[in-house]
Every structure is written in structure tokens, then in C-alpha cells.
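Order of writing sets the chain letters: A, B, C and D. Residues in each chain are counted from 1.
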Amino acid sequence: MKRQIPLALVFIFGVILIIQYFVPHEKSEWIFEFLMDWIYIIGIFALALGIWSLIRVSWDKIRLRRENWQYSVVALLGLTAMIFFGFDYFRNFFNAAGLQNFMFRHFFDYVMIPIQSTMFSLLAFFIASASYRAFRARSLLASLLLLAALIVMIRFNPYFGPLTAYLEQTASWLLNVPNLAAKRAIVIGVGLGIVATALKVILGIERAYLGKD
Amino acid sequence: MKEILMVFLALLLAGGISSAGAQESAPPPDTGTLVVTPAPAPPAPVTNLNAKDKPNDHGAGVVVTWTPSADDVVGSTRVFGYAILRAATPEGPFLERGKVPIGEGVFEDQGSLDEVSPDYMADHVDYYYKVRVISPDTTVYADSEIFGPVQCFGQWFNTNKLPVLIFVLCFTTLAIFFITHARRGAELYIRPLAGIEAVDEAIGRATEMGRPILYVLGLGTAAEIATIASFTILGRVAKKVAEYQTGIIVPCYDPIVMTVAQETVKASYLDAGRPDAYNEDMVYFVTQSQFAYVAAVNGTMLRELPATNIYMGKFFAESLILAETGALAGSIQIAGTDEVAQIPFFVVACDYTLIGEELYAASAYLGREPVLLGSLKAQDYAKAAIMIMAVIGFVAAIVGWDWYVNLFNVPSN
Amino acid sequence: MNNLGLIISLVLIAGGLIWLLVRSLSGREVERPIIFIFMGVAVSVPLLFNITFSEKATPIVKAVFDKVEYLPEGSRVLISFDYGPSMAPEVQPMSDAFIRHCLAKNHKLFLMGLWATGQSLNADAVERVIKREFPEKVGGVDYVNIGYKAGSQGVLNVIITDFRKLYATDVDGRDLDSLPIFQDIKSLKDMDLLLSVGGGFPGVKEWVQFAGDPGNVPTAGGSAAVTTPLMYPYYPRQLVGLLGGIKGAAEYESELKKHYPQFDKMPTPGVAMMGPQTLAHLMVMAFIVVGNIAFFLGKKRDS
Amino acid sequence: MSTARRTSLIILAAVIILFLVSWFAKFSAVQNTGAPFGISVRDGFYITLAAFCSLAIFSFLYKDNPYYKFAEHLFVGISAAYWMCVGFWSTFVGNFIPKVSRTLSDFFEVPFKSFDIFYFIPLILGILLLLRLSNKYGWLSRWSLAFIVGTTAGLNLIRYLRSDFISQVSNTFVPLVVDWEGIDAFFSDFSLAANGQFIMILGNWVVFIGVFCGLVYFFFSKEHKGFFGTASRVGVWVLMITFGASFGYTVMGRVSLLVGRLTFLFGDWLGLID
């Protein structure tokens, strides 16, 4: 009972979705839209579960005075403030409702966005340190990796004179031809792996995600 | 397809602008010398007008075809495009349904199934069509004869998708065959995967060092197949961890993934006979925001100094941030993703990387269950089939067997 | 400024190299924060001090430049703005550079556009570039903006035989016949060069197929980096040349500055955007090279 | 008081002072543009806040530190709540409420669509998911998981089969000989330009062999020996070249991101560049 029903549900909905793909009729589209909507709605409940986990872990840290517990207070304060402003539907404190709330938007624009784009821009640094650390001609494979990277990057060097044109062409050839081949091989393999795994899930063979009882 | 749509939109716009502008741009009064040219003769009308229900759709679609006007030739300016008009009766009124540029002879009259939409097009109702040849001068045009009646309706099977159905059936049969084959006890060889062999070693190392293992499931949802494969690997890793009595940290990006990961880890501890050692806080939710999640995992790496970081699942731009920070913390790193664009970064920055399909193979490989291995065999056969089909494809491309190439052209929705 | 930029960057790179080498040779791995500092400097210095590199024009870019350069003075050049605001940062430097070059050569300039979303962009270019930098040029005499007409390649198909079938007036509502610049112009075939600056459909490709080829008019252009590889097949037979992405724009701007001292002060967004890129790439390459030298020396020592 | 503690206090004081200085400077700058007092104070604060958040994240490059920890935890808290709110308003209120209750629709001021009994199913499944928190009924949450996993497994099976598999296979069908015009023409165009005939044909061959050997590399049930060994080795070479090239190509985009961030810091905040 605890395992059979979930496995049956997986099978039924999996097969429905597969059949749905082949049926262009209006009814089939209707089913599809329904199921997709449902997933999003369930997602909201899941998010509540996630928030609960975040609060519990943070609270435990504070309660037990674990290392760095002070920062968990910061996280909880941020969370509470944002939820407060985000749900301030009744406009008790600010004029606009929910997502349009003034403070909500400003937290988003002046805290979330700057931190987010700065995190993203850290990549420029990490890409440099990764090249220093990893691009060493240890073996044939590593040398190929290194060489291809250098050829592609060298296009940005303005001091190669007449060579530039050839480097440029080689680089664009590398990006267009072998790149295409390798990506295609990977994508075909991945596609097959996904199809096989999805099939195993629908047939109830792969069931680690259900846990055990 | 997108380009056609854009042209179509542009033409719709043009229709709006030119018809609106037609009255306004009458000769400006102040320019004295206006040469009054006689209205040019209308272009030749289109011929062979035909309309039929659009096949393989959900209804509310009619395909109109015609032979372009005799004046629609390169260099001629008499034809600017075609307007397609529709009416409910042969007498009219005919309303414009769209425009296509010169040289085209097909138009899909796509209505809406929504009854309140102004574009509503009822199924099983008669419609009449005609095509108007328009010239740069909006007042000069030529109408075709009226075609009709024609009805539209939805279909129950999309014949364009038949090849996909065949592939699904073939592959399912193949997989089931090998799975049952494996169940009966046939020995299946699976080549070793360096990344997976390294997992056991890495857990041993963590035990020696007395440091935890960090397992990152990536940014996929619980339903993403890469994440499902990752759950299987997580189950195996967690079991080993439980046996060796090492710690495991699983920060999650998706709340449902967190739920499932908790189930998985709990089950593994149970399997290893140490349910008491399981702690709900091993698997926790961080946030569903890409870089906030990365920021938090980065912090965890530098504070907990895990002996091993395992990244399995779907990863995006954060892959390199994670892998470089992990390297800084001195952890052994094993990664696996099916996200093609991120594989290079893992290959460069991690000690072991499972490339693409290897991630799926790993979940089967670790399980060592015959049923899981059976599907790997089916995958291999499918790959062999692709190679053969590709070789035939080359021949087809040279010899010109269009039917063969078309077999693989499947509509996008 | 340019030389200064060169010197600073060379000093930086050389310094970086030596520092890294010395450290590596003494058997120590370079610590990460040092690499990070170098990277940060490589990106911020060009930003702060506006250091630029003279881009050496690749043949495909030089071909466009030379075409405009060696047309006799007073030739008719048409520039089509086939892009929208989202692509503007990447391709607008190209159209600006084309306009400057043509007006400096005293060519007659015709501006138009095929993108509905880019309708205001050519008017903006007139205000921003022509009226401000070339106040002596007279609208309707030295340049004209006939604006946007819907119809994509259909428009080209009509104006390849006759402009007046579609365009009665320019954007300011002046009758084409009343404009001196349009006196002897009937169709696209009367142009000496067609330049399309675009980022998608319709763009350079459509200009080649529907105007350049059938009308036998030299065609060139610039396109966003994503679509550039798709245009290469037309070069050199059907396309005089092509500017690919921001790098193409930077090369053209550099070439322009080299030949025209009066443009010394002109804004060069393309070149400016390339400054940090160039230095950062050089930095990363330097790291790779140093890392490898250290690696091989270390291997020698060990064996 | 230990030295470490004193140092960190000094740094904290310096950061706070710098923050206040920046706030004041920005405030004056905004006010110079003619903005009212309240707006200037506010905007000055926000720009300074954004700049300090960015700097806190950059400080991670040196090492983990309290400022990074602060920004990190603040970011985690705020972003978790952000997505919660977005999910609630856009999905729950926007998509769910209008289909189940007129009263609630009126309450949330969204237009009521029509009552749809089927929308109670996700509600039930969602509540089942919440039962995870109970030890006794936790197993019921698997029903919702099963629904989600089953649906998307079916969806993915088809989607990947079509787009990643069939379409990719068909894209490999390119002629190995392009517009053959005889051997002279072949060699006369011996350039690396993308349109040269030699290069076109070479490219098609490389794609074919690359895909073929790449697929061989992904064979799992065959030992990589003999022909298989050679082919899979070639496959790995192609993979490595590709990875290197992709890596090199990405540097440009990543540097642009950093340029964007530094432009904010140098321009919008410090006003050093325009």
C-alpha cells in the first residue's frame, strides 16, 4: 500500500503524458494544461515545506548556539521582513500590494540583484584561477584541452599581426565543427540516458526517489 | 518557422499602418506639382485556390493554398503580397485573416478554440475563402474566385509524430527485453567508470580525515531525470557514509528535491543498519535562488571543509564557482552532469567528471542491479542503431532519399 | 592615451608573469588571491583609465573599411538599421562608425530600417551623431532618413526597382522629389554601396539575397556575434566584408581613428568594451603559460 | 580583548564609517540633481547598500569573512522569501484561486474565472505533501511526489526522444561531398575560410567522425579495446578539444559580467566613470 499506490500513480501519469503527446485534439491539450498547472500549485506547498526546513535549521543553530549562529539570525530576519512586505496585501503599511510593495521591490533591487550579479561575476575570477590550476600539459588529453582553449582565447590578442586572421578562422572552425560533433554525441547519449531512465521510472524499476519502508 | 511568423507579424503591422495611412497620405496640399498618374492595371489574380482542414492539429485551423499571381516574378513591382480573406457565407462579408509576402502560396488560417476570443473559429462549420493579390498601391488589387465550403476539426492522432511512436515502442521493447534477460541471470559486462570508482575511495578518505561529504544535487527539480539519477547515486553514497560513520551534508535548491533526498538518505541509513545515526538536518533546504544557493554552499565548503564534494545532477553557470571553491577548500571533487554547456568547467576544475550519459550509467552501475544494467545494454544497442542510421543518412543525403531524411523531421510541439 | 594603455598593460602583464614565474620557480604554487587581484586589475584598469587597444582590422573588416574609403567622394551609401533596442549595445557602434566614416568622406547618406522595433533608432542616430558631430551637413542634401517600412524582404523587392513605390516622403514628411539628394535616385540600383547593420531576420542575409545580388550593388554590413558565422559563407563573393560582433565594431572604430585624426575624440564604445576583454584574455593566457612553465620546470627538477 | 577581536572591531568601525560617508556623498549627489530631500536620503542609502552588498561578496575572493557571511545569509533569507511570495501571488492567487472560489477571488482582487472541481486535486496533493512533517502520515506525501515524478518522466521521455535524439540524429545527415565540382576546384579553394569547398567537406567529415567516435566512447557494455578502443580514444580527443574551446570562449561572457559589476561600482556608486 505504501509503495504500490505511488508506483501506480507514476505509471498512470507517465503513460498519460506519453499518449498525450501523440494526440493533437483539444481534449488532450486540456489535460496537458491541467497537469502542468497542478505541478505548479503543488510546488507552492513544497516551497512552504522548504521555508519550514530553512527556519528549523536556522532556529536549531540559534538555539544550540552553534558556530556562526548569529548569521542565522540575519537569514531569519531577511526572510521575515521579505515575507512580511511580500504579503502586505492589506496595504496596512505601504501603498502597493504584494509583489508591488515598495519595500519588497527595493529589497529585490538593492539587495538581491546586486548580490546575485556579483556572485555571477565571481566567475570571471574563478575562470582565471581554474585556467592557472588546471590547464597544464600533463597528458595528451590535458594538452588538447589547453591548446583549444588558447587558440580560442588568442583572438583577443591584438598583437599577432597577420596571424590574427588565421587564428580567428581556426577558432571559429573549432567552435563550429568539432564542437558541434562532440556536443551532438553528448546530446544523443544524454537523450538516450534520459529516455531510458524515464522509462525505468515509469515502469517502477528505478525507485530510489521513493525512499524505503 | 519563427521567421515566417515574424514576416507575418510585420505584414500584419504593415496592413494596419498602410490601411490607416491610406486616407491620410492623400496628396499633401502644399506640394504644387502633383503628377496624377492613372491607376495602374490590377495584377493578375491567383489561381488554383484550395482550402482544407489543417491536419494533425487541435482544430480551428485551415490551410489555404494557391498558385501565385502571374505577375509575382522577380523584379516586378506589381505584386506586394497576398491577403487571405474568409467569410461564413459565399456572399460575404469577407474579413482579412492574414497576409503573406510575395512568392508564397500557402497560408495557415489559425483561429482560436476559445469561444470568447475575437479569433474564435468553430469546428465543423462551413467557411469560404478567397485570396487577394495586393500591390504597393492599396487601392489596386485583384481577388480570386471564392473557395468553399471548408470545415475544420481536431484530430486524435498526429501522423507527423508516427516516427516518435515507432522509436518509443522499439526502445521500450529493447529495454524490457534486456531487463528480463538480465533478470534471468545473464552476466552483463559494464566498463568501469573512473568517477564512480573514485566515490568509494573518496568516502574512505573522508572517514580517515574525519570530515564530512558534501553532496550537491544541482539545480534540477525532483522530476528532472538527471536529479532522479542523482538520487540513486546519493542513496548509494549515503549508505557507504552510514557504514563508515562519516557525515554527509546535502544542501538542496528545490524543496521537493529536499523531501526526496531526505527519504533517500533515511532509507540508506536504514539499509546500513544505522537508522539512529540519521538526522533530518543532514538534508536541508537553502533557497530557490541560483546564486543565493551557491553563496550558501560556498560558505559551507569553506566552513565545514568537506573531504569530498560530489556534484551530480543539473548544473548551470554556478558549476565553476562551486568547483573552484571546492578546490580551494582542498576537497576531492567528483562531478556529473548532463548539462552540455557546463561539462567543460567540471572537467577542468574537478578531479573526476561523469560526462553526460555517464551520469545515467553511473546510477545503474552503482546499483549493480541486473534490471538497471539491462537498460544500459538497451541504450548501447540504440546507439549502435543510430550509427547505422547515420551512415544510411549520409548515403541518403548524397543519393537524395528525401523520404528517409523526412522520417526524422518531427514537428516541434 | 593609447600608448599609455599599451605601456600600462604590458607592464602589468610582464610584472604579473615575472612575479608568478618567480613564485612558481621557488616551488610554491601561486595563491589564488594573487590571481584574483591580477584579474581584477586587468578588468578595472581599462575601465577606470579608459585604456584601449588599437584593434588591428582583420581582412573581412578591412574590406568594408576600404570599400567606403575608396569610393569616390559623393558616392551614395545606404545604411539600413536592422536591429532593435535589445541588440543596440552590440551593433549600434557599427552603424555609428559607418555614418561617421561616410560623412567624413562626403558620401551621400541614405538611412532606412527593416525592423519595426528599431524604428526610432535611425532617427536617434541622426540626432546623436549627424546633427551633433556634422552640423554642416544638410538634411535632404547630404543625408536623408526615409525610415522604416513594413514588409521585410518585400520592401527590398520593391525598392530594388523603385523607391517611390513605397516611400513617398522621408521621415520628416518631405516629398522625396523635393529633396536634392533624391534627384537622380530611382532605385537601390543607383546606390554605390549598401550597408546593413543587423542582428537577425531580416538582416544582412536578406540584403544580399534581395538587393545586393539581384541589383548587382556591392553589399556589406555588420551583425551580432551570434549570427555572424551564418554570414561567413557569403564572403567574399556576395558580401564585400562583414563586422562581426563588438570586436568587429572595435576594429572598424580603430581603423577609422587611424585614418581620420578628426575622430580622435569620438566615442568608441566598441573599442572601450574591448579594452577589459583584451587585457583579461591576455591575463588568463599568461596564467596558463606561466603555470605550464612552472609545471615543466618542476617536472625536470623532480626527475 | 584579543588582538584578533580588536582588529575585527576596527574593521567593522571603518566599514560603518565608510558606509555613512558614502551615504552622505550619494545623498548630496542625488540632491544636486534636484531631487527632494526624502528621496535623496533614500536613494543615497540604497545605492550605498547595493555597493556594500557587492563588496561583501567580492571579499569572499580573499577569504571567508563576517561580511561575506552576513551578505550570504541575508541573501538566502531574502531570496527564499522572495520566491515564496512570487509563487504565492503568481501561481496560487493568479492561477488557483480564480478557479476555486469567487469569495477568495474578490478578496484578492483577481478576476474570478469559473469554478473547476479538478483544481481541488492539486490542493489535496499539496496538503498531502505537507503531511511529511507528520511521522505517522508522512508516507502519504509520496503520492504527490509520485504524481510529479510520473508526469514529468512521461513528459521528459518524449521531449528528449524527439529533440535530443531524433532531431540530432537527423541533423547528422549531411552529405560528405558538397557540390563536387571536380578535383581542380577542390584544391583551388584550399583556404580555411568557412565557405571554401575543402573546408566544408572536411567539416562534414569531422562532424561525422566526431559524432561516431563520441558515441563509441559512450558505449558502456563493451570493453574499449581494439577498434572500439581506438574509436573511443578519438572520441575523447574530440570531447577534450571541444571542452577547451568552450572554456576559452566563455571567458568573454564572464568578463562582461565583471565589467557590468565594476561599472556599477565605479560609475553608479563612486562616480569615477560615466
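Assume contacts are C-beta pairs under 8 Å (C-beta built on N, C-alpha and C of every residue); 3 or more make two chains touch, one makes a residue touch a chain.
Given the structure is predicted, the values throughout are model-derived calculations rather than measurements.
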Centre-most chain [mean C-alpha coordinates]: D
Centroid comparison with chain B (C-alpha atoms), farthest chain: C
Centre-of-Cα separation between chain C and chain B, whole angstrom: 34
Rounded Å distance, chain C centre to chain D centre (Cα mean): 29
Rounded Å distance, chain A centre to chain C centre (Cα mean): 35
Mean-CA-position distance for chain B and chain A (Å): 16
Contacts with two or more other chains, residues of chain D listed in rising order: 57, 60-61, 63, 69, 71-73, 75-80, 82-83, 129, 132, 142, 145, 148-149, 151-153, 156-158, 160-161, 163, 165, 169, 172, 193-194, 208, 211, 215, 218, 239-240, 242-244, 246-247, 250-252, 255, 258
Where chain A touches two or more other chains at once, by residue number: 18, 21, 39, 43, 46-51, 54, 68, 112, 115-116, 119-120, 122-125, 127, 129, 131, 133, 135, 145-146, 149-150, 153, 156, 172, 176, 183, 186-190, 192, 194-195, 198-199, 201, 209-211
Touching two or more other chains - residue numbers and ranges from chain C: 32, 36, 43, 229, 232, 277, 280-281, 284
Residue ranges of chain B touching chain A (in the complex, touch as defined): 56-59, 113, 154-158, 161, 164-165, 168, 171-172, 175-176, 179, 222-223, 225-226, 228-229, 231-232, 234-235, 252, 254-256, 258-260, 263-264, 266-267, 270-271, 281, 284-292, 294-295, 303, 317, 320-321, 323-325, 327, 338, 340, 343, 345, 347-349, 355-357, 359-361, 363, 371-372, 375-376, 378-379, 382-383, 386
Chain A to chain B touching residues, read off their complex: 18, 21-26, 28-29, 39, 43, 46-51, 53-54, 56-57, 60, 67-68, 112, 115-116, 119-120, 122-123, 126-127, 129-131, 133-135, 145, 183, 186-190, 192-201, 203, 205-206, 208-212
Interfacial residue positions of chain B with respect to chain C in the complex: 3, 6-7, 10-11, 13-14, 17-18, 25, 28, 31, 74-77, 80-81, 101-102, 136, 328
Chain D-touching residues of chain C, taken from the complex the two chains share: 32-33, 36, 43-44, 47-48, 50, 229, 232-235, 237, 273, 276-277, 280-281, 284
In the complex, chain B residues that touch chain D: 163-164, 167-168, 171, 188-191, 221-225, 228, 256, 259-260, 263, 285-289, 291-293, 295-296, 298-299, 302-303, 341, 343-345, 347-348, 355-358, 361, 365, 376-377, 379-380, 383, 386-387, 389-390, 393-394, 396-398, 405, 407-410, 412
